[in-house]
Amino acid sequence: MIQVLFFGPVADRVGQSALSVDYQPELRLQDVRDTLAVRYPQAFALVCMTAVNGQHVRDGAMLLPDHSEVTFMAKFSGG
Amino acid sequence: MIQVLFFGPVADRVGQSALSVDYQPELRLQDVRDTLAVRYPQAFALVCMTAVNGQHVRDGAMLLPDHSEVTFMAKFSGG
Amino acid sequence: MSDLTAVRLQTEDFSQDAEIAALKASSKRMGGIATFLGCARDFSEGREVSTIGFEAYGAMALSEMQQLRLDAIAKFELLDARIVHRIATVTAGDNIVFIAAGAEHRVAALAACHWMIDELKLRVPIWKKESTPQGDAWVVPHP
Amino acid sequence: MSDLTAVRLQTEDFSQDAEIAALKASSKRMGGIATFLGCARDFSEGREVSTIGFEAYGAMALSEMQQLRLDAIAKFELLDARIVHRIATVTAGDNIVFIAAGAEHRVAALAACHWMIDELKLRVPIWKKESTPQGDAWVVPHP
């Protein structure tokens, strides 16, 4: 199982702050993103950063281990 | 009478923090400085700024009104 | 006794005096301390703002702030540094974020403080929502 | 109740919390407050320092600090600014000088704070004497 987290403006547009995606071997970060972007196009229009297990990841080809925590994030506006 | 003030390192080298110079017509700032620099050469070796009545003055030709307060100052080291 | 860890996300307000005392405790060689305090404003981009709310990806935000502190200490040869960000709903005048940089001399402290608040805005996963009489809106930062 | 005039020379210590509260009171539009705190160090130019004493040409120092505050407000479009300098004998870790600049946005506040401490050192007639185990010496600032 892959845990997907949303925060702030992305969570608002998805309508929830977390969901799960079934794990499968060879699952890439970009696969999860593509699947969810079809379901939540307005939310994903805001996404400009992605983290896996709390670390920034830029490479969509990254293979996701089972139990990964994936976060699709809008531009930060803290401070 | 012209009141002359010294502070910090200049006062230390003069050995006092104030002295008086007789007023005379046409007395220029540079005249006071020249007179005192002869008496206190080590103190005046430190002097790099001069104020008259609390205002910076760069022009040694300035005529001093009677009762002026003249201050010969070493480089500042506050802050 | 409140938590005075050098890097914190917290709901409650903080005291500059307490933060500076904690920063100073790390060294007697600290000649310059620069701080930046970000506060809530009652007006933003031409709109009145009644409250500002913050949401964070807490675990990642904290680890990014911890790394940012270490990066600043290394980059500017600081003696110590602190970063505190509130995750709360605040109103005009309230404190939001506090950055402090302590160094032997002022130039490093001032440069580090400026760099840290700029980097915090880029690196740390926190989002701000402004509530106005016209409704609520998540803030989209300028590039 | 201590004096919280925006520009002061004083013997006693000051509180950052009190200064920031006084600064903030001037506007609800203040989004960024940058401060600089100068402190006494136990070591300077390779020598141990036991105490630092300050002497000021008080009347001129105060009027120069007041003008510096007004210049900073005008130059950086600040909402408010404060300058406090202690004239006292202090030991390592003690506060010496405090500068605060409040603006709508952080860039102006940070730039103004940096400028004000640099200008204070150039403009304000205050002299510092360091006492070390080898004796006392007035500090000669580097060019």
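Each chain carries a letter (A, B, C and D) given by its place in the written order, and its residues are counted from 1.
Following the convention adopted for this analysis, a contact is a pair of C-beta atoms (placed from the backbone, for glycine too) under 8 Å apart; a residue touches a chain by one contact, two chains touch by 3 or more.
No experiment lies behind these values; they were computed from the predicted model shown.
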How many links in the shortest chain of touching chains run from chain B to chain D? 1
Relative to chain D, which chain has the most distant C-alpha mean position? A
Note: chain B sits from chain A at a C-alpha centroid distance in Å of 72
CA centroids of chain A and chain C: separation to the nearest Å works out as 26
Rounded to the nearest Å, the gap between Cα centres of chain C and chain D is 22
Between chain B and chain C, the Cα-mean centres are separated in Å by 48
Each of the following residues of chain D touches two or more other chains, namely 38, 117
Looking at the whole structure, which two-chain pairs count as touching? A-C, B-D, C-D
For chain A, which residues count as touching chain C in their complex? 5, 7-9, 11-12, 49, 51, 54-55, 71, 73-79
Taking the complex as given, what residues does chain D use to touch chain B? 38, 54-57, 59-61, 63, 85, 96-97, 117, 120-129, 138-141
Which positions of chain D touch chain C when the two form their complex? 15-17, 20, 24, 28-43, 92-93, 104, 106, 109-110, 113-114, 117
